[in-house]
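These notes concern the structure reproduced below.
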Amino acid sequence: MSDDQQRKGRGTVFVKEEVCKGCSYCIDFCPTHALEFAREFNAKGYHYPVLGRPDDCTGCDNCGLYCPDFAIYGARWKDIDEKKKAK
Amino acid sequence: MSDDQQRKGRGTVFVKEEVCKGCSYCIDFCPTHALEFAREFNAKGYHYPVLGRPDDCTGCDNCGLYCPDFAIYGARWKDIDEKKKAK
Amino acid sequence: MHADPKGVLTGVHFIDGDHAACEGALAAGCRFVAGYPITPSTEIVERFAHRIPKVGGVFIQMEDELAASIAIQGAVWGGQKVMNVTSGPGLSLMMEHLGYAFITETPCVWIDVQRCGPSTGMPTGPAQHDMMQVKWGSHGDFQIIALCPNSPQECFDFTIRAFNMAETWRVPVFLMMDEVVGHMTERVDIPEASEIEVVERKWTKKKPGEYKVYETTPEDPVPEMVKAGDGYRIHVTGLTHNEKGYPDMTVPNQERMLGRLIGKITQNAHKLVDVREDGVEGADVVVVSYGITSRVAMAAVEQARAKGAKVGSARLVIAWPFPAERMKEIARTAKVFVVPEMNMGQMVQEVERAVAGAAKVVSVPHAGGSVHEVDTILNAIMEAAR
Amino acid sequence: MHADPKGVLTGVHFIDGDHAACEGALAAGCRFVAGYPITPSTEIVERFAHRIPKVGGVFIQMEDELAASIAIQGAVWGGQKVMNVTSGPGLSLMMEHLGYAFITETPCVWIDVQRCGPSTGMPTGPAQHDMMQVKWGSHGDFQIIALCPNSPQECFDFTIRAFNMAETWRVPVFLMMDEVVGHMTERVDIPEASEIEVVERKWTKKKPGEYKVYETTPEDPVPEMVKAGDGYRIHVTGLTHNEKGYPDMTVPNQERMLGRLIGKITQNAHKLVDVREDGVEGADVVVVSYGITSRVAMAAVEQARAKGAKVGSARLVIAWPFPAERMKEIARTAKVFVVPEMNMGQMVQEVERAVAGAAKVVSVPHAGGSVHEVDTILNAIMEAAR
Amino acid sequence: MSLLMDQSAEELECGMDNPVLPFLRKDRIPHIWCPGCGIGTTVNSFCRALGDSGMDLDKIAIVSGIGCTGRTAGYLNLDSFHTTHGRAIPFATGLKLANPDLKVVVYSGDGDLTAIGGNHFMHAARRNMDIMVVCINNFTYGMTGGQVAPTTPLGPTQTTMPFGNFESSFNLPFLADACGAVYVARWTVYHVRQLAKAMKEGLQKKGFVFIEAMAPCPTLYSRRNRLGDGVDQVKYFKERSTIKNGVDTKDVGLTYQGDIVVGKFVDRDRPTWMDSMNDHFGKVLGDKYETYGAHHG
Amino acid sequence: MSLLMDQSAEELECGMDNPVLPFLRKDRIPHIWCPGCGIGTTVNSFCRALGDSGMDLDKIAIVSGIGCTGRTAGYLNLDSFHTTHGRAIPFATGLKLANPDLKVVVYSGDGDLTAIGGNHFMHAARRNMDIMVVCINNFTYGMTGGQVAPTTPLGPTQTTMPFGNFESSFNLPFLADACGAVYVARWTVYHVRQLAKAMKEGLQKKGFVFIEAMAPCPTLYSRRNRLGDGVDQVKYFKERSTIKNGVDTKDVGLTYQGDIVVGKFVDRDRPTWMDSMNDHFGKVLGDKYETYGAHHG
Amino acid sequence: MAKTEIRVGGLGGQGVILCGSIIGKAAAIHGGKHATLIQAFGPEARGSACSAQVTVSDDVIGYPYVKNPDILVLMSQDAFNQFIPQLKPGGMVLYEAELVKPDGKLPEGVRAMGVPATRFAEELGRRLVLNIVMVGFFAGVTGLLPFEAVEKAVLDSVPRGTEELNLKALKKGYDFGREQAV
Amino acid sequence: MAKTEIRVGGLGGQGVILCGSIIGKAAAIHGGKHATLIQAFGPEARGSACSAQVTVSDDVIGYPYVKNPDILVLMSQDAFNQFIPQLKPGGMVLYEAELVKPDGKLPEGVRAMGVPATRFAEELGRRLVLNIVMVGFFAGVTGLLPFEAVEKAVLDSVPRGTEELNLKALKKGYDFGREQAV
């Protein structure tokens, strides 16, 4: 997400669409229900998660803790910015 | 033991001397301490039990219950007589 | 004796080799299986588990292959016909009990659906890697019988045959399938029970006092059997034993016992061997193959013939005992034996030994994981035919 | 490299083969044994348990042979030299792990003190019943090396040699003892540590980033090794794998992997074989024997010579790989091979195959439980010499 | 050939014979066990139990593994099976399921049953397989010459623990209990009457029965550890044992020559594997299902 | 060749990367597990534990047996060993004893560890071998297509229990406890944080640690029994679990879709096998004895 | 010797093997022909590509493998990419129209026809019957086997209680196929 | 090639193998000769007969078995009965005088000498050292090995702390043997 992008919630998620198997863990166990399935399929034919309600994302990384495929993780803008600076 | 033999206690023992391995179970666990080792060896070189104090034998078959080699058993005269009759 | 109709699923089926083998076992009267899952053999026990409650018998999944391979033997002495189903890694765990079945003359059928090894290897890939293992894998000298089906129909037919041989000879009988045959689906015809010949256990007619568990006659090296619970008070042991079944650990008795046990097979090998030949007379090149490879080999043989080569095919329907005599005979006319196998060269060693220099022997090995390319065998034939 | 003096009990001893083998292992640097008792091999691990606390290492008695035969492999990857000690029934339980050691190229020494089988058989009686089992007993294709000592001194010497070969080739190396050699007591000379040549593990000199666990070069088919904990983050699997050690279950990779693994032995067989010959040149009859039988056979050979027969002796110091080439050569001059073994005829089959009809091959089997009578071998020789 | 166990003239005269003989293969005795070995005494108790149970001996089978105790199968005048090391329980499982008429008894050593055979022990108890397991615990591997066993307490010397055992041992009744056995008892060779009674109860009980019988191995355990002969070990059993029926199996662990808790610890009921199978298939398949083993006794 | 797990342009820009990646062999992902398989989530938790423990990853080795879970070894960026079916524990035993520097973790399936591997499990716990055992319990044999396991509760259908399972299952924490484990916990895939914490504690604990992680196998257990997908099974874990730390392991048995007790049940101390050996030899042999493993870290 | 070689390819979970099996069964049991079905797993048992090789022949079938299929039945893009190069010149490709994009990768002279099998299946109420739609489509387009034979094979092969749904799926595919085939 | 073949026989627990082993060790390590010892168990590991075969030779020993011993050392009646027939003509028999009764079963031309080894051992305070008495007796009678060699072999072979007792037993047997040998 570039700086210019709109920052709605306290955090955001990063998704590796092609690794996702569409199990819905991240979606169902997101505490703020910020995620939803994309309408598109990935190459294997799975729907992957997208941040449907970016306002609600806290960057808590619960999705990341649950994902069995290491295909998603969340981060707080705060931490993202620090990383960026550190680069 | 033939009828004519002196019947001292309430029972007696039967010993298969050649099967005995001289472990002393029968002797040590005879409740009335009626058994003792023979001075002689059997063919394998073991001392076997003899009824040293026949007065004390009750024919309780404790020796028989303990013997690991099935080399001894006790019986009451009462029962012996019955068996004899039954023959 | 004919098959018990209860176990016979008469009709026409489109099923794979694993399922067909299970039906063969049921038709042959198998009523007890102790299993442990392993790819690519699992379907056999899965089907058995599904079918047996309605046929009358027991399936139990054991904790491991050690348990499975000895539980079946307990069941034999309890009176049932049994089988043992596994694949390479499981088979390796059963080697002690193979020897026990042999020395105690416990009739039982062992199905090995061969997958690609060594070790865990390629679990879903085919191979013919265990041909020598079943012959030599248990410690001590022993003998077995091994059949090699090449189609689901044969998986059905040969399983029945394996049961019949196990009862006849009282040695472990192996059905050496492979992943391809196990998972290949074709039409399988299951006849009426009345058309299926089944060998009954060789139950003794003697009374308890007269019977000795391993007594045999010079004419018949296979002892009669009883089951536990019938009042014979038998003793069975894996120790060197005498006719009564009692341990008798002396050299002369070892010689007597082992001589008879080994002799059951070696002295009757001529009755047991089964080679299916096609155009062997007059052939310069003879392709020796077995199992699924025989179908691939046949395609190569046909192509070679089309190219004018004089090629015959000798298929080992029974791999053990090995048809050494027949190979020797063939070697009188054939110039080259071509032996394709899905392994690095196992049965080819037996061919070499039998042929004893009288013809050239060419191994066409394959590391496993798929069948040979037809061309590979074809090239070997054409090379040999030159 | 020379032996670590800590493990070397320099001096003159009057000990049996079992104890000598243990001393050999200690001298060779073995510092970990996971055992399970079984007659007649137990003394080896008993001595190890007694000696190791003062030498620096670990002995653990496991719950069974399955555990013992894989625990040692864990220990190899933890950096130790190890051995696996058993006899027939235990060996049958280790067959799966034999394949695992082979496919993972885990260097280890396996001692089999052969007793009389099959099955429980005669536990205190000798045999040479497991010669084929170590060659073929695990599922899938594999290769091993097997040495056959015939005295306590050789039990010591050959154990060291076995360890050195295991490190050099990274295949399981077997010391094929038998009950007689194991329990026979003779003088054993243990030299100074500085006189004992020991092959160190082929540790890599590469850095973590550069190293691949199964990388080899065309010149050297044996990969370099590391141990867990050194920062290489290796992966080891019994699946068909690539140079990185990762599963790669494709037919071409299976071919590549298995080809190299098998080739390590088959292509280097000429470096490995070891036949001790006595009067083979010009002999009409050559007696091929190994292990304790070679001492009995030698007595027969001497008696036959005294009777005027032209007899040679070829003793298989290394039974596997089998010295087929040398046998072929001998067959150019010898007329008959006489092969006494304490089994129903195992290595004789290899002789037959190698000789390929160029000479007669006579098996002198023995069911086990004792060594041959000298006369039995003598008669076979005299018969052959006629 | 007359056997050592044949009736003597004296016995013939009175018509007497050793009451255990009907249960033994007379032609196999004398047995191989050492002088003072406790195994024989347990077999003696087992013979009494066979008699007391009143059961048809033709319908009782005995299965042993390998070891000194494992030889028991060869001495009993029952259908008897001497199998492979550690595998008596799965053999017995097959035997029982193939012929549900039989009462199947497994009789083997502690090493056989709980070292190499431990897995089968666990799983048979879990399944509540209908077999009775008698474990002769002599704290050592007798047959192979006295190696450490999973039952050897901390302290004593064994050939593979040449400086004394430092490895923790199992509490077998606890293990059997945790795995699901329906009857769990421990007695010693001193408790010949109680042992026979437990064995009789075990024969009559349905499900997985576990009886631990502590026995001396004078040759390789007692004498090696300067504990005297077999009889001395039995005296120790006598002196240090306390009977505590029904006690929590957690609390009956053994220590080297320490106190011993004996008794019947567990006696409960739950359906056996085969009964569960029959019940279940009966429910699910209904009339199509013919109860297995029903045609049997 | 660029890997699916390589940083995306977006990540590169922010310098972000998935926090679990340092613990994984990136070039081996995507893994083979089915959509919604819970094994991956437990591995995710394990990665967190590795990170949180602060331990040197070069000194942690992982050993697996065969099965879907068994593939875990191949995905973790540690020294990793994929052994044979059921034998991860004895392999780990050898590895640990040969190189006492290592923390050795066994990571495998319920069938692998408690069916074919049950004996090693029992004995390693008895010995208090210093290894951490993570058992992914999905109530089935995944890799071979869904056969009954010793953990399958009564009821559900499995290919070898085609009419529903009628065989009793183990209570694994109880078993581990009875055999002598020093740390015993159970969590589910729902409890990702607690699971990671337990794994971290396990990594830092000395002795035989047992962690049961309940996980869905949607392909062969959930869907076959009409329990929905993986996520539905995790929801069931959420709804029916109660945390009861320190509860008696006897009371944590599982039933089909019934209540689940999770928590840390056992956390005690007793000397490990190797420490016992060193102590004992130190005492008996005195100065002649050089503590084994002392030269190691 | 009339012989038709077919390769069915897709992903685990799509019912690829069953699709091949029904074709084989229709031929072997209800169609009076010989048929051989070979299942091919990927190297991993789980989560990967999956295919079936079906040989239908008037004569006994020896060599059972399909090296150069006459007909491809494809349900995933991966399968399409993998198997198209093996297709016999002039062969036929039947594919799931929403999951496979031929995108001009078809060799010349090949007949290719798509069917929205997943959508049809979803419309019928169960995504799972997409493979039966494919079978129907196959039967309709190729005419290799009588519809009745295929119908019987489907009935033999599906779980009890799902017959009606499956027959609908079959018919749907079949009819769609007949239209295309014209 | 001077070669002496010896068979030691008795019961398990009498120390038969150790007796043979000490003779062999004395020859091989302290006596400058070659020696081979073969242990023979009965068919059962426990509770049965037990024997040792010792070959002592100036040259390397090939065939290690003793078929026809020059010397028998016997500690039980069973061993006596079993091994006497194998004795070489003119051979020598040494036996435990209270456990073995030759009772005229000796072949002609054989030298037979008894020693009350068990009684001597009991007198020394430990029945267990009867085998060492036998070794001493053997050394005294046969003179095959120097006493010092035997002494060293005993010291090498017995548990620490029991050296004195064992040397006494050895001497006792040896002296008794020397007397007899005269």
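Lettered A, B, C, D, E, F, G and H in written order, each chain numbered from 1.
Assume a contact is a pair of C-beta atoms (placed from the backbone, for glycine too) under 8 Å apart; a residue touches a chain by one contact, two chains touch by 3 or more.
Just so it is clear, the model here is predicted, and its values are computed rather than measured.
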{"item": "Steps in the shortest chain-to-chain touch route ending at chain H and beginning at chain F", "value": "2"}
{"item": "Reaching chain F from chain D through chains that touch each other, fewest steps", "value": "1"}
{"item": "Comparison of C-G and C-F (more C-beta pairs in contact)", "value": "C-G"}
{"item": "CA centroid of chain A to CA centroid of chain D, Å", "value": "59"}
{"item": "Centre-of-Cα separation between chain H and chain G, whole angstrom", "value": "86"}
{"item": "Euclidean distance of C-alpha centroids - chain B vs chain D, Å", "value": "57"}
{"item": "Chain D: positions in contact with at least two other chains", "value": "39, 53, 63-64, 66, 89, 96, 100, 119-120, 122-125, 237-239, 247, 249-250"}
{"item": "Residue numbers of chain B (touch at least two other chains)", "value": "none"}
{"item": "Multi-partner residues of chain H (at least 2 other chains)", "value": "43-45"}
{"item": "List of chain D residues in touch with chain E within their complex", "value": "35-39, 42, 45-46, 49-50, 53, 59, 61, 63-65, 89, 119-120"}
{"item": "Contact set on chain C toward chain E in their complex", "value": "32, 34, 53-54, 56-58, 60, 62-64, 66-68, 70-80, 82, 96-97, 100, 227-239, 246-247"}
{"item": "Chain F-facing residues of chain A, complex", "value": "1-2, 14, 16, 18-19, 21-25, 28-29, 46, 61, 64-70, 73, 75, 80, 83-84, 86-87"}
{"item": "For the chain H and chain B complex, residues of the former touching the latter", "value": "11, 76-78, 99"}
{"item": "Touching residues (chain side chain E, partner chain C) in the complex", "value": "25, 28, 57-59, 61, 63, 66, 73-74, 77-84, 86-87, 89-99, 101-102, 119-120, 122-123, 273-274, 277, 281, 285, 288-290, 292"}
